[in-house]
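Chain IDs A, B, C and D follow the sequence of writing; residue 1 opens each chain.
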Amino acid sequence: MSSITFSDSRWIARGAERASFPRFISWLVPWVIILAVGVYAAGLCLYYGLNQTNMDNRFAFGLWIFLDLGIIALGAGAFFTGFLVYILKRAELKPILNTAVVVGLICYSGAVAILMIDVGQPLRAWFTFWHPNTHSMLTEVTFCISCYLLVLCLEYIPLLLRNRQLRRLPSFLVFEHQLHKLVPVLAAVGTLLSFFHQGSLGGLYGVLRGRPFAYRHGFLIWPSTFFLFILSAIATGPSFLMLVTATVEKVTGKRLVADKVFRRLGLISGVLLAVYVAAKSIDTLIWINITSPSVGFAPWEYYMHKPFGLPILFAEIVLFGLLPAFLLAYRRTASHRGVLLSAAALACCGVLLNRFVLTVQTLALPTLSFDEFLQYTPSWQEVASFGGVIAYGVIVYSLSYRYLPLFSAQPEGGGKDVSGH
Amino acid sequence: MKVSRRDLLVWSAGAAAGLMVTPVPWRVLDDVSIWSQNWPWIPQPARGPVDVKQSACTLCPKGCGLRVRVAGGFLVGVAGVASHPVTRGALCPLAFGAHQLNWHPQRLRTVLHRRSVSTWNAAQMAFTKACSEGPVVVIDGYPGRAASQVLESFAKNRRGEYRVVLSAETRALAPYERWTGVPAALLGYDVENAGTIVSFGAPLLDGWGAPGHFTRLWADRAAGMNDPQLRLIQVEPTLSRTASRAWQWVPVRNGSEAVLAAGIAGVLLEEHLVSARGPKPTLSLTAAGEQTGLGIDAIRGLARTIVARPPVVAIANDDSPEVAALNVVLGAVGARGGIVRRSRENKSYLAADTPISSARAVVIDSSVPWDFAPKTDAEVFRFAAWDGGSGSADWLLPAPGFLEEATDVPAAPELAVQSFALAPALTKAQHEVRSAALFLSGIDSALPTAEEIIHARCQQIFQSRVGMLCSREQTPVSRFAASQKLEEQLWAGAVWVGEPVGPPNLRCELKEWPTPSTSTRGEGWSSSWTAPVLPPLASKLVEESGLRQRAEGRLA
Amino acid sequence: MSARYGMVIDLDRCTGCGSCMVACAAENNVPALPQATTRTGLTPMLVRRVSNERDGAERREVFIPILCMHCERETPCVSVCPQQAVEVDKATGIVMQMPQRCLGCRYCMTACAYHARYFNWRDPAWPAGMEKSLNPAVAVRMRGVVEKCNFCHGRLHAAKEKAAAASKREIDPADYVPACVEACPTGAIRFGNLADTGDPVSHEARSPYAFRLLARLGTEPKVYYKSKEAWVRQLAESVSGRETEASREMKHV
Amino acid sequence: MFPGIDGFHWTVGHVLFLSLFFAVALTILTTVASAVWRTVRDFRSHRAIELCWKEDFADLPASDRRCRHELAGRVISRTCDHNFDCRSCEKYSKFAVLPATGLAPSLGLNYPADRFYHRGHTWVKAEEDGTVTIGLDDLAEHLIGDADSIKLPELGSELDINQTAWRIEKNRNEIRVRAPLEGTVIAVGGPKEGWFLKMRPRWDVHDPMTLRHLLRGREVGGWLSKEMERLQLQLRPIHTAPSLADGGVLLPGLMDAVPDANWDAVLAATFLEP
């Protein structure tokens, strides 16, 4: 390349083929713009207060909570892969370990950022640590998510320090070496934390005695949604990783991960999804026949308001549950890359729909017999900050992909992991 | 020595770690929690000892008893007076926010001449000039007060007119004034003794009369009872608040209330359900049945129900003569539980809405509802505490606001007995204000002052030795040793209530069934509210809960 | 001994005048913001107009004042608050909201079946000078926190001080009356100590005509309603417990 | 949360929840702390450089990690698993006895047989007085030609094996030359002198073990041909390729001759930078 134009090739891992710097920038620009708008919108919400949103006294939670639950569910791939690789010693999944960490970091940091805008008094966020109410699912969520975000950062550091320039500093490289040796500990802690807060996020709604649509009986202090959320999260996490990797492959036009890794992920995802769907169906039956009637709410009430009719329940369980579960797990279909990926997409849609129903439909439905069914459309500020988080994710991922050895096993570069065999 | 990147790193890490053991971060956290609790822009309530004073509401002619909390010379809260003989602790929803009215952005703070800022002197000069040039008409919205007397005598001295804007309840009594010769302002409904009340669209449970007077009576004698002592029958096209709570709701076609009245009267006379003799309605029952959309049987049934529990009185929301005539047929005029005369004195008023023939100047007291605009080309001097916006006057003169001047409070328009209370001023206006009475006595020094008149009124009550003085306990006037004592107690918030003028106290001449007249109806829940603005907290009722609609036209 | 303060609201007596709402707002320094709507307003006491959904002469309407029900059992808003900004006062049974500790996460609002909790979407504001007319006994809440009815806790505090000054252990019930109760022109709202069997309110709460909204949720609300009309008592149930056009047609499906 | 904070009361929930939370937090912090502490310890005990080399070595492409015995043709194919440190390799002696079939250093490059060669393209010459002289080998010289600037270590500085001994600036490329063995710098030279460092090795230079890890004899030829292959591959787009392929003379000052090759990659590969 000519020596006039600036080049960041020295920062790119040796031998890794990356787009030219100008092209990379031109790819980033639109995302940076979206991010900027999002930051501006978030600023409005922080400065003028939440009247900038379209939330109200009955729709106290809106788009943002849906976003939080959604991306945290999709980010579950991070801890689950770590769990599989380090705890269950499934070495074949190592190639997507790094990308899993990055995706996880993005999802969780994004969620926390949105939460900080979503609360009315962000300056008091730390009160939860000061006067925790141990009976509140939200306390559990706050504690676990903040801890797990820390864990994710720590898991990200080794990746960061392996950047070609940073690794030249002996202290960095040695620290990376030492930290990397301890990562299994972090993975174990992360697994614990994630199991808890994925569950607590489900519990968040399951405990709402005042909202019979969401309220569930459960086991000990945990409503059934606690376990359903864990299941659905670990079921779709791998699918989301597949989607991300596939997208990256499409964008970069490179084969980054061997097909067998994909198929393995698909299998895990499919099997877990099947288990989830089974559990979910049982739970739904119990809820329809016991839980809800016992507090005087006939189940048909919930589905007499358009657009939240029975089709939604069907879509959640069959279209986005059974179908992808089968496609992912069955060897014939799974061996076809296209089918595999679309099934993964279905699975992700499923978990998103589930979170949507639990957050939005719960609030839209009336409780008092003379309540009206509520509609709510997010304000542009809400949508913009939503988009901001997405853009933030893309940018962070792009940077990580360009400058860090995300796919250590990729044929083009060297790598710790190929040295293993 | 040169600092390597590594040194910097180590140094900053150490600094960060070290900072944690200093009090700085914890102190900051602590402060944050305090900042986030009281930002400078969060208003802090007035400080100072709170003392509770009794007074009366002067915002409309119903004179509800008020218990006002005052802190540092400012009104900080309003509540009803449980011991009040008429309102019994009740207030209208608007009154509970009234203590904030004096700070309303639309408060009239300076003299305005044709909407441009002027001075009291200019106004005074303009008015004196006008007086010297021709007759003056003085319009009052709250007759019977000391101030009213001042206004009236000023008008008399100037060979001018004293006119009155009557409340909706009083206007509805106009037909009886025509037939009995007793001024409507001195008539009232003896609801305490009524057994059945047929309301023709009158919002009996929604701002009709003094709050708490009828509503409390209804609550105690009727609410939720299958066979109540007091039967409230609401004749109204739509399901109003009153209709929805009434013992029976009669949904008639819009505007056919009068027809129904005629129909009922017809049945009563035809089936001899009433002893009293009255004129026979010209309208046939079938016609009534059709026009009301109820059918003959329904009307017959209704007539029988009505007389099932006497005494019966019909209450109209307008000055419909048919409803009045029905009362005559029912024998409710001048009878117990019907329409009675409040006092023996005889005093009639000239209604304000009749065109003003010849006047050089018109003075409008601040008690006149803002939406009343005199039909005249004379120079209009309007007193008001709040500026309603429209240029209905040449001069706008800032009058005392809520509880900013001492005044007396005569009986509410629909009461069956006399009552008298005093409303001491509990706060001071933040700018120069004058009531119409004060302004006029400034022009004509011969006028008696309001204080003298109030004093005289107390004297008169003391000498008459009738009635009770109601505060926490009730004391017959006859028990009082001196007039001062009585007056003191009145200033302290006690209310004097007269005795009913024993029936029969009305003679009603009605030969034949009246012909319909152009009726004027009360506008609704806040119709008697005279100020052009609502207390800000009324937004809870209108915008924030949708519990009520703004009465169209007024209070915009 | 600890009290269990509660209310009995006689819906047959309620004319829906709204005095309770205004009195409540004035007592608790609730701002009246021009931008507030039915969905973002602050109405700790809210009177709702409900009909039996019939037409013509069949139609009936009732006015239902909705306020915090001060649930006793597994109080939903208390258990969900992450930082103990909501607590049940053991001594009075009043569900207390601590605005100075509230984070504004609004989880409690989603937990409340009665929508009796309100969020300060805006900075509290009054026209110039009007802040001088605020009630000195109650602090103004800042933007970004949740608030709700606390049975006019300021008045309870005052009553306690009065009792203490007179060196009495128990407060005089006459000294502690919430603003809405005091304001009601028909005496429809009755307030008292449900734990005290001698208290007329606890007696009324046991009347056959008394009911509680959504009682089957099992949260033991301490605000009772009363009506002699059966269709009104049906409102306590969920939609299915109530005969409406919608429910009828859905049942056919 | 803590006793003394208003509204605090111990409950089972508190105890369980908080102890769990603090256990987790503590674990995380301990992990970080121990990582930091181990790092510091490594630097104290001079294992840091070795670790860095291990990391770098691990990240080298397999093609750059051939065992010397493969280069010498004693075995068909073998990847080094001792970070090129044959002194600790127990397999070394097993293979060393086999006959070497590799070819002698040629291609017009000057690789004197009395020197030892490091994979980072440095040579080591043992002197009688027990010191060693260290310089860039001919291939490196050919690549770089005249350096723009050279940063040599200070006299008396301790160098670890595979640590960056000196840096060379050339056409805005920074080249880090790895030290072929451990010792103390006693003199510094430069291109003109034909050598860059004189060192007193940490161990006795006459002990064969000290220099065992360095290439010599036929291994050098095998190694060079592999290096030439790699160069050829990396420079293929450039038309100088034939001149490399036909064993012709390698252009001196190749970096100047072929300025627009991907020198970043070439140099990294040549001087064992991952």
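We take it that a contact is a pair of C-beta atoms (placed from the backbone, for glycine too) under 8 Å apart; a residue touches a chain by one contact, two chains touch by 3 or more.
Bear in mind the structure is a predicted one, so any value in this text is a computation, not a measurement.
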Winner on C-beta contact pairs when B-C is weighed against A-D: B-C
Central chain of the complex, centres being mean CA coordinates: C
CA centroid of chain B to CA centroid of chain C, Å: 29
Distance between chain centroids, defined by C-alpha means - chain A, chain D (Å): 41
Centroid distance [mean C-alpha coordinates] between chain D and chain B, Å: 98
Between chain A and chain B, centroid-to-centroid distance (C-alpha), Å: 62
For chain C, residues contacting two or more additional chains: 37, 41, 48, 84, 123, 142
Chain B: positions in contact with at least two other chains: 36
Residues within chain D bordering two or more other chains: 7
Sites on chain C touched by chain A in the complex: 35, 37, 39-41, 48, 50, 64, 66, 74, 76, 79-85, 101-107, 109-115, 117-123, 142-146, 213-214, 216-219, 234-242, 244, 246, 250-251, 253
Residue ranges of chain B touching chain A (in the complex, touch as defined): 5-6, 9, 29, 32-33, 35-36
Sites on chain A touched by chain C in the complex: 49-51, 55-61, 118-121, 124-125, 127-128, 130-133, 135-139, 142, 204, 207-212, 294-298, 300-301, 304, 362-363, 366-371
Chain A - residues contacting chain B, complex: 121, 123-124, 126-127, 169, 171
Sites on chain C touched by chain B in the complex: 10, 12-13, 15-19, 21-23, 25-27, 29-30, 32-34, 36-38, 41-43, 46-49, 51, 56-57, 59-63, 100, 123-140, 142, 179, 182-183, 185-188, 227-229
